[in-house]
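Before I ask anything, let me first share the structure, which is written out below as structure tokens.
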Amino acid sequence: MIQLFHVTKTYPSNSPALVDISLQIDRGQFVFLTGPSGAGKTTLLKLLFREEEPTEGQILFDNQNVTRLNTRGVARLRRRIGLVFQEFKLLPRLTVLENVALAAQVVGMSRKESHIKAYRLLRELGLKGKYDSKPLMLSGGEQQRVAIARALINDPMLVLADEPTGNLDPVMAEETMRVFLKMRETGTTLIVASHNLELIKRYGSRIISLRQGGLVDDLERVTGAKAS
Amino acid sequence: MIQLFHVTKTYPSNSPALVDISLQIDRGQFVFLTGPSGAGKTTLLKLLFREEEPTEGQILFDNQNVTRLNTRGVARLRRRIGLVFQEFKLLPRLTVLENVALAAQVVGMSRKESHIKAYRLLRELGLKGKYDSKPLMLSGGEQQRVAIARALINDPMLVLADEPTGNLDPVMAEETMRVFLKMRETGTTLIVASHNLELIKRYGSRIISLRQGGLVDDLERVTGAKAS
Amino acid sequence: MKWSQLAFVGRRVRHSLWELLWNHVLTSGTMAMSLFVFGVFILLQENLQHLLKGWGDQVQINAYLDTNVASNEAQSILERIQSLPEVEHVRHISKEQAWRDFQTALGAQSAVLEGLPVDVLPASFEIAVKVPSRSGPLVEELASRLEKIEGIAAVEYPQEWVERLSLIVLAVQWAKWVLGGILFVATFFIVGSTVRLALLARKEEIEIMQLVGASEELIQAPFVLEGMLQGTIGGGLSLLGLWLFYLFLQQHFFLAFPLFGSMIQIRFLDPHSIALLLVIGLLLGGMGSLFSLRRFLRTWRG
Amino acid sequence: MKWSQLAFVGRRVRHSLWELLWNHVLTSGTMAMSLFVFGVFILLQENLQHLLKGWGDQVQINAYLDTNVASNEAQSILERIQSLPEVEHVRHISKEQAWRDFQTALGAQSAVLEGLPVDVLPASFEIAVKVPSRSGPLVEELASRLEKIEGIAAVEYPQEWVERLSLIVLAVQWAKWVLGGILFVATFFIVGSTVRLALLARKEEIEIMQLVGASEELIQAPFVLEGMLQGTIGGGLSLLGLWLFYLFLQQHFFLAFPLFGSMIQIRFLDPHSIALLLVIGLLLGGMGSLFSLRRFLRTWRG
């Protein structure tokens, strides 16, 4: 579903953040992206949802060239992608429920429908009773889960999650992984950038390691030892 | 150095975030604060630097009642505390070096002196070559380390760090812990909220566990098995 | 845009109006301020033009008759003048009429005329000139022709006024465009900057909308609608201010220039200008938002 | 505050001026706009007052002499009038002088006087009244006393003008305070809101300063300094605008009312008012920043 051909990304006045990356990710894969701080994980994700454009190389998403999209095309692309950011990016003036429902309303879901769906997702992520709170009234981990709920509300084909468990305790992290796994069953592709070695070992069906912008390792689990 | 007497914190229109917490932390201790998401870790830290006031109970810092400070007193208190936030809170318009030096300039250090000191700290935290970058041009882990450098520049008596390694890879996390340990040798007290069980086990000389606002555990390591 | 998305835009606008009431009040206030100043100039211009029109009517030539002209002779001269193509109409001022007019004009000083014979002043014709001929050279030429008519002793006309008239018309037209243009740009600039500041305060909102895949139109629509609303309200406020200013001017102008009260009758904006001000407000608000928004979206990461 | 901290504040201001140039231009522009409108009213008021002062000098009583009064008699009457406590000075207008004045006053129409004897107009005294006595009842009382003097045929004075005079003085004084007050509040309000928006755009900066233990003064100083700078620049810009407005008015007023050109000589703001405008700008900027800042810091989490 996703193909990268010799992708290089150099930020202005900086050494390259990604160097000549080529890889292919199939539909329904659960990919972990690891590597030390500054390795280029976030950069890779940003290229996929066209927050940044590659300096060189091509990226195909569902056989569509991501590097050649206009503004309208970028919006259409993003509606099929669920995003979880390292910094959450929640709107402080909206309630938790509205924050999650927003993503659905933007693509044309009615208010009522979106609220019902957001409600269900939030409950699943253990945020019962926080629907009407504003994001700034939540703990770090709670905010992170709201961000995850928002990423999932449109049943995206692809979920890009950047350090989605960085602020979660081990139990909550497991819970979140389980939600991801459930998504995967419906055919969603998941790409998760993370430092959490334990989670990676337990859940990743494919582990891509970056270092200083280069692809240093790409392991795929053959015997399905998926944890429950 | 820090004493809490029956501290309770209830946010408006919420169940209590901290319930009847009493504890004492001595000078030079390295305290880990753990507990599931929403347990009240961040809230406890916020009470210590007077971002929030306790609903009930008293907090003493260096024999000074934190709950009774006026604006001027709060500013003076914070100058003796180094803070690392879950959300970093860096100024996007200043360079990394200026962000760190700002904290020193605010208490009256000259520009030159502050730059030299910031320079040294950033190098120690592995951010050589990023001095002139703006925070938004850094990876998550790099931003986190900038935040740590800022917290340490004034040689604080107390460091409060909220999930300081949430975005760091294991190697970088160890590195950071070592910087903390060095701070401790000069008599600085450290209180670190974290979910990282491994780090906690290796470095914590005291581990305080919260759950739903209550103090459920308070372990102190007796035989000094401090890792190197 | 789907119906559900229209409803979404509506909710966002309502939400923003409520949550950022203060900002909206500010923007409307700033626009009101700008449009007020703009409106003052329109008011000035309209009144000047009205004044000019009034004066145009006064481009008249006085032709004094010889003292010994009989009234039937005067009548034939009048008809002859009337038939000239440049002449709008002619009024005959008899000696008695002239005396009475003079008395009225002198007002308090009329006491000095006591004891003078009533027929000391000559009879005359007041000749109003048609619009196309109300320019310096043409009036001059007409006057010299009138002077040659038998029975007419002297011809007088306000030459300076006629010359000034065309000068003022020109000046006002220029001032209108130059000052109007400057003010329009200034207003647009200020509104744009206000909107830009408001955008800066709401940048996460825009960013997040972009990230969840909202279309450009969906992101921009609430801002543009708000801008239009603010602009229209600002226009309304400026009209209110102008009305108060008008009342103030009216009172004080009359008091200040009591003798010319009827001459410089101040008028409020005509409906056309009122509509113009509201439309400019609406457009400024909408366009200001749109422009700032687009530039903001483009230079976003800068 | 230590020296190093002063230097810090200086750096922050310079930094902000550079980075947020656009915002500063906006705030200055808005202030200039407000101060301009404010200044227009000062201009109006100053000119009205100047006008009034001119008119005050014209509160004069004309006393016409009997035709048969000899010139030495006239001289003794003049001295008698001169000695009255309310009288500022007296001017004797001989018959010939009166005739010439009349001719001048009639201007183009003076042709009608041809053939009249030069001594048809009576001689008179022009009596200027001292300032404290320039009110309706006092002038009336003085006039009735003058009328009783032997040799004086009639006394005239511009009663309506005198009454209007006090009315206008009153009205302008009221307008000055009421309109001035309203405008001042409006300006303060707009400036405060602009600053508030700017603060909203810089709230992380304030928050972080607070968190690293910066004192209140250190946090507020750069904003207040910037506000004062903006205000002063805004004041300067408004003065520029006023000067242009003044030039415009001057040209067009003279053209529009050529006959009264000398009477309503338009003047620019006096140095005192210029300083006032700059100081108001400075204070509005500084105070507006400080007020917004304090309220912002208080309701911060809201």
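Per-chain numbering from 1; labels A, B, C and D assigned in written order.
The rule we apply is simple: a contact is a pair of C-beta atoms (placed from the backbone, for glycine too) under 8 Å apart; a residue touches a chain by one contact, two chains touch by 3 or more.
Because the structure is a prediction, the values reported are computed rather than measured.
Averaging Cα atoms per chain gives one point for each, and the point farthest from that of subunit A is the centre of D. The distance from the centre of subunit B to the centre of subunit D, with each centre set as the mean of the Cα atoms, comes to 62 Å.
Between the CA-based centres of subunit A and subunit D the separation comes to 67 Å, rounded to the whole angstrom. Taking the mean of the C-alpha atoms as each chain's centre, subunit C and subunit D sit 24 Å apart.
Averaging C-alpha coordinates per chain places the centre of subunit A 29 Å away from that of subunit B.
With chains as nodes and touching pairs as edges, the resulting graph is a single ring in which every chain has exactly two contacts. Applying the touch definition to all chain combinations yields A-B, A-C, B-D, C-D.
Residue ranges of subunit D in contact with subunit C, taken from their complex: 22-23, 25-26, 29-30, 33-34, 36-37, 40, 48, 51, 64, 98, 102, 108-109, 111-112, 115-116, 120-122, 154, 156, 158, 160, 164, 167-168, 171-172, 175, 179, 186, 189-190, 193-194, 196-198, 200-201, 248, 251-252, 255-256, 258, 260. Per the touch definition, subunit C reaches subunit A in the complex via residues 2, 4-5, 7-8, 11, 19, 204-205, 207-216, 218. Partner subunit A is touched in their complex by these residues of subunit B: 11, 14, 34-39, 41-43, 86-87, 133, 137-142, 145, 162-163, 166-173, 195, 197. On the subunit A side of its complex with subunit C, the touching residues are 49, 51, 71-72, 75-81, 83, 85, 89-93, 102-103, 105-111, 150.
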